[in-house]
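In what comes next, subunit A is part of two complexes: it sits with subunit B in the first one and with subunit C in the second one.
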Partner chain A sequence: MSTSAVLRVALPRARPRRRFGVAARGFAGVLILLAAWQISVPLVGLSPYFYPAPTDVLAAFVALVRKGILPVYLADSVMRYLTGLVCGAGLGIGFGVLIGMSRKASLALSPLFKFLFAIVEVAWIPIFVVWFGYGIETIVLALIYVVFFPVLYNTLLGVRTAPQILVNAVRSLGASRLQVLRLVILPGALPGIITGLRLGAGFAFRGLVFAEMVAAKTGIGYLIFEGAQAQQTSRTIVGMIVMGLLWLAIDQFYLRPIERATIQRWGLTIDAAERT
Partner chain B sequence: MVEPSAATIVRAPAMARRTTRGLDAATLGTLPFLLFLLGWALLPYVVDYPPYMLPSIGTVLDYARESILDGSLPRDILASLARLAIGFVIGMGLAIPLGLAIALNRYVADLCRPVLSFLQAIAGIAWVPLTIIWFGMGNGSVIFVIANTIFFSALYNTVIGVQSIPLALHRAVRSHGGRGIGLLSNLILPGAMVQILLGIRTSVAYGWRALVASEMIAGSNGLGYMTMEAVQWQRTEKIILGMIVIGLLWVIMDRAVFTVIERRTVGRWGLLQR
Partner chain C sequence: MLRLPATVTTLLLIALVAYWLAGIVGAHDKLAAIAPPPTSRGDYRITLAFAPERFHQLLLQDKGRLVEVRGNVVFMKDVDPAALRSIARNYWVESVARWSGH
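Showing the complex of A and B:
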């Protein structure tokens, strides 16, 4: 038997065991937290309004699902999130490419964008409320605003770092400006765009929850806020847990696959740099 | 008339070109702002809308002067900055020891990772309704949210900071008998400090958002409270002033504090990776 065959047999066996150990310890951490929470409730002796037990939260969760409230809220939140993300990313990529390729656009727009970037999206929400009222317009606008800047700046970085040699080479072969954009600039800027999308997705998620607390009548953020107002604290905690799970799902099923499909394939991921 | 030397001939056009280009940059850069202000000033003549929707520039400036003179704006600014500072100290104070423990011990890391990544996914601001129940409106709630937000950002940076210490240095210190406290104070802390310091800027950026957002919901004073409270009374000039102050304060903090910190510490030690 050759050594490679031995390794091939040995490796898959070794890896799951380590992974299993990690999962088990992680699971233990979660269990310890839940147990400490459940045990501390009678010890603290506060009313469930102030400090609900995990069992209360579970009951609230079941009730919310049975009444059909939670699925509707979840769908609303996801819809707003995706709308804001897509529009904000589109604008960010567009302006990023424009500023990156045109000196005039860069000179004209950079100071304005720097100024607007400093006014965080949170600060815009009150005036959006005055202008558009409580509802989806305010939320989606705030999300577009918050996604726009990270995508813009990372796209810009990507465009600026596209190798000038390649641009010159393609141009000397007679490519038009549009062809340069399609053949060199956009593929070169893609890792930057992906980084921007990742950052923007994280910021937007926080923005979504806050905007829904302030300016919505449905959604996960509203559930968190309304539960506390109605003194149904266990509902608030259901909302928080659903929100956490939603973000983990977005990270796992949306952001990671994109990263794997694009950046990691080109060997540009941070993980690779850390491993060395 | 003296014949201009070759040098002046060459220099003159170049200088001229540079100044016009500099001028172009300045004018092009201010043009959007001017258009913006012009649009703001002319809008009432073009579109008919109730004045509370968008007050004139004069109204905003009047309100700015008024609120500075009666001391309400400085008070709100100070209240917000003080909360940011307290939340920052608490968040960093908790994150650095835990981050070191996670980075140095695999069991601690495995135990904490799922819980922490889940708690991190519950963005800081989502805690506000709960903290209102626990601490009431005001300082307690806002500081909890800021500390929570800064904690997770600083934790991440501490872990990355320890992990980015070159293995060679680690081995060198250990082969000279460094262990325990000595290892920590001579290698781990200074090595991780680079990333921790660089991370401060991001942490405070997140903390600043969290501050404004939580003051809007749970504050009893401060900039966020000032802008959100104005919505009820339709005092739009107050909202716009609040936005401008929030933007300006961030620019000042970024330029005057964090850039200087970076230059003084990380930059001077030649550890800045740029």
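Showing the complex of A and C:
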């Protein structure tokens, strides 16, 4: 299967009516799940601490908003997430291009990055806490670490698979190394970079929850942890739902459109994609 | 092509500005009860619509010296005017009043 065909399958361009139908079906699925959950609560007969009903979760959500806790936690989490994502992606793209274009840099850095890649961020967090204490520095560093590797390796892949014929053509026209990078390598690597960014963004979300559980006194991850500690299971579930919804919103409103725009801009769609 | 991210970002920014403005207007109304306006550190009684949780206590501790919590009321000392305004900007703060400190 060609790259364009893969992308076509991965990124169908839905028509508004079909998109509405898909959304309606998704919504119906959620409603059925909620109804089943609510009905099961009296049947199971456990206390709300063990098995809260959707109405308990809704009440916890309303209380968290009314008390101003959820908006602050959400803002803190989003701020940490964006800072980690932007810094991690910037470093990943920079090192990916460097390693992809320079043999010396590749020889010097690849073994180190392979080694570091094997050490998951969870292992670093205790060290970061020792070095930087509890707070934003530790969380952002953990997120940078999580985002860095998927962006790095996908950028590297993009740089190395840039069409050599185009590189040669631009070079033969007298382009400098920087011009080759700007005119051929980066545009060619962009779909790879975007894929890495999307992967990194997803991993960062998981990293954020864990880092906030360990090294923060605010944030959605902390809410999940604090709710469980204080036997307020409804609050934990609110945190989980908010996390899920936040990711859906980021993916739907930002990552997908950016990915689609990149792929269309650099000519990786075919007519059939429009019909899908 | 990137109309959706741009629209969502614009809407978010509008919502943030509206939230910020609502906080300023709300703080103005709450502080109107304190006359004359504070110019130096003072002691205040902060009333919330609910019993404060750890989150509120930690947040208020950053703004001054939290002395006591009684029901929905938090008693604070040495709060400077800027900190008082930032406390009053929170929508979960119901009212702010001077406190004699005893």
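Descriptive notes on the structure:
Assume the second predicted complex is superposed on the first by the 235 of 276 C-alpha atoms of A that agree within 3 Å, B and C clash if a C-alpha of one lies under 4 Å from a C-alpha of the other, contacts with A are read in each partner's own complex, and residues count from 1 in each chain.
Rule of thumb we're sticking to: a residue touches a chain if its C-beta (ideal position, glycine included) is under 8 Å from a C-beta of that chain, and two chains touch if they have at least 3 such contacts.
Quick caveat: nothing in here was measured; it's all calculated off a predicted structure.
By the touch criterion stated above, A:Phe225 is placed in contact with subunit B alone, subunit C being left untouched.
More residues of subunit A lie in touch with B than with the remaining chain of the pair subunit B and subunit C.
When both complexes are overlaid on chain A, the residue A:Ile69 reaches subunit C alone and has no touch with subunit B. Once the two complexes are laid over each other on the shared chain, residue contacts for A:Lys217 go to subunit C alone; subunit B is not touched.
By the touch criterion defined above, A:Val30 reaches subunit B but does not reach subunit C.
By the touch criterion defined above, A:Ile127 reaches subunit B but does not reach subunit C. By the touch criterion defined above, A:Val22 lies against subunit B but remains apart from subunit C after alignment on the C-alpha atoms of chain A. In the superposed model, A:Ile258 makes contact with subunit C only, not with subunit B.
When the two complexes are superposed on chain A, none of the residues of subunit A touches both subunit B and subunit C.
For subunit C in complex with subunit A, the residues that touch the partner chain are 1-2, 4-5, 8, 49-50, 53, 55-56, 58-59, 90-92. Residues 66-69, 72, 217-218, 249, 253-254, 257-258, 260-261, 264-265 of subunit A touch subunit C in their complex. Against subunit B, the residues of subunit A that register as touching in their complex are 21-22, 25-30, 32-33, 49-50, 104, 107-112, 115-116, 118-127, 129-131, 205-206, 209-210, 213-214, 221, 224-225, 227-229, 233, 236-237, 239-241, 243-245, 247-248, 251, 274.
Chain contact summary for the complex, subunit B toward subunit A: residues 24-25, 28-33, 36, 52-53, 107, 110-115, 117-119, 121-130, 132-134, 163-164, 208-209, 212-213, 216-217, 224, 227-228, 230-231, 234, 236, 239-240, 242-244, 246-248, 250-251, 254.
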